[in-house]
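If you scroll down you'll find the structure; I have some questions about it.
Just so it is clear, A, B and C label the chains in written order, and each chain counts residues from 1 on its own.
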Amino acid sequence: MREMIVSELSLAMQEIAHGFAHFLPRLIVMLIIAFVGWVVAYLVKALLRSILHLMKFDKVSENAGASEFLQQAALPSASELVSRFAFWVAWIGVIMLGVSVLGIGGLQQHVSQFFLFLPRLLVALFIIFFGFLAASFFSRAALLAAVNANLPSPRLLSLSIRVIIVFFVVSMVFEELGLAEQTVLLAFGIAFGAGMLGLAIAFGLGGKDLAREFLEKRLAREGGHEKEEEPSPL
Amino acid sequence: MNVGEVDLLVGLPTHNNAETVGTVVQAIQTGILKNFTRERAVILNVDGGSKDTTCDVVTASSISDIRRAYNTHALRTLPAISVRYGSSPSSETALHTILAAADLVRAKACAVISPESVTIEPEWVSRLLHPIYREHYDYVAPLYRRPKFDGILVTNLIYPMTRAIYGQSVREPYPSEFGFSGDFGNQFLLSHNWRDEHGQFGTELEMFLNAAGSGLKITQSFLGTKGRAENRSDDLVAAMRRTVGVLFLSMDANFERWSADMSRHTGLAANPEYEIISDSSRVNRKRLKQMFSDGVSQLDSVLRSILSPSTVGSLHQIAALDEESFRYPADLWARTVYEFAASHHHSVMSRDHIVQALVPLYRGRALTFMVENRNSSAMEIENSIENLCGEFEQLRPYLLDAWNDGKRGSHA
Amino acid sequence: MVEKVDAAWYKRAVIYQVHVRAFYDSNGDGIGDFQGLAQRLDYLRDLGIDAIWLMPFFPSPLRDDGYDIADYFSVHPSYGTLDDFKSFLTAAHQRQIRVIVEMVLNHTSDQHPWFQESRSSRENPRRDWYVWSESDTRYKGTRIIFLDTEMSNWAWDPISKEYYWHRFFSHQPDLNYDNPTVREQMWEVMRFWLDLGVDGFRLDAVPYLVEREGTSCENLPETHAIIKELRARVDLDFPGRMLLAEANQWPADLRPYFGEGDEFHMAFHFPLMPRMFMGLKLEDRKPITEILQQTPEIPPSCQWALFLRNHDELTLEMVTDIERDYMYDSYALNKTMRINLGIRRRLAPLLDNDRRRIELMNGMLFSLPGTPIIYYGDEIGMGDNVNLGDRNGVRTPMQWNGGWNGGFSAADPEGLYSPLLLNPVYGFQAINVASQKRSEHSLLSWMQHIIRVRRSTAVFGAGSIEFLYPANHRVLAYVRQLGEETILVVNNLASTAQAVELDLRNYKGRIPIEMFGKNLFPRIGTLPYLLTLGPYQFFWFRLRKL
């Protein structure tokens, strides 16, 4: 009995060693690929960073208010963020390639799916980035305009606009990523429609006096009445 | 242009000014015929796509041998030419056209006059051109007789700031009428970046700043009562964009000039006349105070990105005051403006938004100015402005620090 | 005699104004005379002029350069005898040169026997020949013409103890034209000279013949009536003789002197002349076109007399104060050059001796509508002497050559009636006829040439004028037309080169032929006709239909 166990063991050991020996080169190759991938990714990151620097990408995102947003979220600057993202995508991509080349079964499909998914992910990130930028910009613009025009509840207005835009952006992202498309679309449609209806009712019934006052003020301003209250600044 | 070489050129930028331009052109002509009888002159109307008869009115008043001149006898031809520079108004392009024309005709002295100056007198032309043509100044800024609370944006922001930064006590650095020498006009024509980045307006301020920054001979000339056409709406935000926005941008461009120690002052002695024309105390104090306070509270997040925490704190403090005791002190105002300028320089957010954010704060300052001076004489108002200028000048190092520093807002 | 059939000879003529005293001295007494003038007629014939206008040569105390006449029927002994005059007249006519004589109708010298008699007593028969008054307040408000010397138009006569009226110097009492005897007598004076054969009169100071209370005493209807009468008599007995009016008035006020072709044949266009100088200095045609626009139409038989300079000051009476100041500052900065309301300088000094400007001004003189009058000496560019009193600076001796007294006289230089010009620029050694005759390119030769060109067509004298108003106001352009003949004149008034586009659509298809060189220029099309002109350059184009 002991001899059987020993011989089975030694057979198993042999097979493991064999399998290992078979696998090891691939592992080593894999590691090499990973290392090369890291180098490539690093280069990509550096290159992208300098390109973005040249394009003054940080400046652009500052102007749009993204920098402020990023700072608040304790994230690094926009161009840094993009470069790092590119780094990871590149590295993972190279590793994936390596994995597929090594023929580790079952993973092939995942790899190709991953690569197919990447562009959509990119677009989605793109949409999020600029969407939030826009939300920030327009909500602030609305806030300032409302304050300067002495409209009631400027913050509410500003927030509403931000919410609407964010909502819109998120819907777009979901659609892009193909996650619960129909649900999201429907939800968005319902929310938007309801919101509009609500506003109409509010204005039509409850706020008709306010609306009238508002319109009067608008038209009156064009007639120059406001000048009586405030002397010309220039 | 068949005008040939001239000694004097008067530019008239117009857009749908048919109602008033006739009077203005006549006054210019009379002024030239009376005070510069022998000089060769031309009136150049640069039009931004008027749909009315503005251009026709101008060209019809040309003094040539084809039609007889009216009362004033003209020794020589005085052409009035109209040129269309575009289909929509842009004071930058208008000024560009005027400068290019002045260069072509080698004009020695030039003036720009607003077609809306319904209160213009013939002497205005002389007062703008005489210092250039006969006394060899390079730039003449106007001075007006105004109601005492007219132009607070200028007296409380643009003037003190320009004076503190550039060392020029020019009361109207953003004039609709001014004079300049042909040489300076040409220099500005060549050195200025003629783009539309400044929006469509504000180049006049740029031009003044250029003159100030180049150390040219600048003087002020009293013209008369400032007039404007009746129906012009003066949107405060637009006005601030045109002036404050341009001023902040120019600080970027001229940093080397103003950051150096400007201990020299072009002591321009002219005192503007303040005629207490009408009782303009129909100011709605309550509304202004409310707009200020609302602005401070509603824009809190925005202001925190622009101003230092202490300034924001001070603003909240004064916003909390009631109407009677509300005061926006001069030093706080100066600090506010400087911090805005620095933030604008660092583009902490959209620059246009920065300018817009200043509007409610300006209202508060305007209110304080009007309340403090409601019974003041012209001399007292002058002193008040002088004090404000002093604050701005004292805080200059603070501005430089903020400018170079870069840290703004309330980030942790 | 020159053919009298040619009644409109004055419309095509070029007239030469000369003072016999200043032209040529034949007998060595230092004063020019008729014999000398006769000897120089060939020069004038070669110059190409058609008529001579003689300044007053009558016996006179010469306190106003001969305009103070003491005897209407004789010749001043310094200039010769009446026979000398007749010989000269004959010689002139032989050379087809007409002679126009100066006649002062308005006043005489106080040395004239008529006045001597008139003033001797209040009862003298000739008392009424002059205008007397007990007080000097009559005709109040009448302007004084010789502002620099006269304080009033009335002078006190210590002999008859009354005031007498004088519009000019106090030694030139005005004749009383309300007296028919006076009028008859003056006609006799004119008849005398017309009988001798003179071809016309330049009637001096015509606006002032008659005075009336409450008026300006100028241009009165009574004056016009007298002129009409004189003209009628001339036409009747001496057809073809010409009457030229000297009336320094605005064109509109001058118009009546032509009547309906029944008063003067010609009148000086005084207001145009200073404006030509002004336009040149301003480099702007406006003064010139304005005055010509204001110039009224005149009867077809009448003619304007144009001139650049004459024996008097360049008068600035008919300009505004602004214009006068401008002219003074431009042309007579030195106050000695100013007299009365004018500038006493000759053409060449006024134009800085600039040949181009002299040519341009002469070009305009010869091409604007009217009969041009050349002042003696201006054809060689003579200078002036502002240090001589009154207007004598422009009446210096004619400079014939570089020799003794400039060839004017054999007398001692100190004995001449007037000093010669001696400076290196205008002196007789530099500017004289002899040296200019030697060169084809001298001013004299050029003047001969332009007179020839002018004479080659009747358009300049008798044609209509239509101004073109190109956008370039430095260019004065006009079209002269007579019948089928059309001439385009373009003048550059600027000291710099100019380009001008002319609207010649009415002359489309014609070919401009430049009249001096006779070269063809591009045919006129529908587009504006572009011409470029050098400083002070001018063109005369015959627009020829092919």
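Heads up, the rule we're going with is that a contact is a pair of C-beta atoms (placed from the backbone, for glycine too) under 8 Å apart; a residue touches a chain by one contact, two chains touch by 3 or more.
If you're wondering where the values come from, they're calculated on a predicted model, not measured in any experiment.
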item: Most centrally placed chain - per-chain CA mean versus overall CA mean; value: B
item: Chain pair showing more contacts of the two, A-B and B-C; value: A-B
item: Computed distance of Cα centres, chain C from chain A, in Å; value: 98
item: Computed distance of Cα centres, chain B from chain A, in Å; value: 45
item: Mean-CA-position distance for chain C and chain B (Å); value: 61
item: In chain C, residues with contacts to at least two other chains; value: none
item: Of all residues in chain B, those that touch chain C in their complex; value: 2, 4-5, 37-38, 64-66, 68, 73-77, 79
item: Touching residues on chain C, where the partner in the complex is chain B; value: 278, 282, 284-287, 289-290, 293, 320, 322-323, 326, 469-474, 494, 496, 498
item: Chain B residues within the chain A interface of the complex; value: 147, 149-154, 174, 228, 230-231, 233-234, 236-237, 239-240, 243, 280, 282-284, 287-288, 290-291, 294-295, 298-299, 302, 305, 347-351, 353, 356-357, 359-360, 362, 366, 370, 409, 411
item: Contact footprint of chain B on chain A as seen in their complex; value: 59, 62-65, 67-68, 71-72, 137, 140-141, 143-148, 150, 154-155, 221-222, 224, 226-234
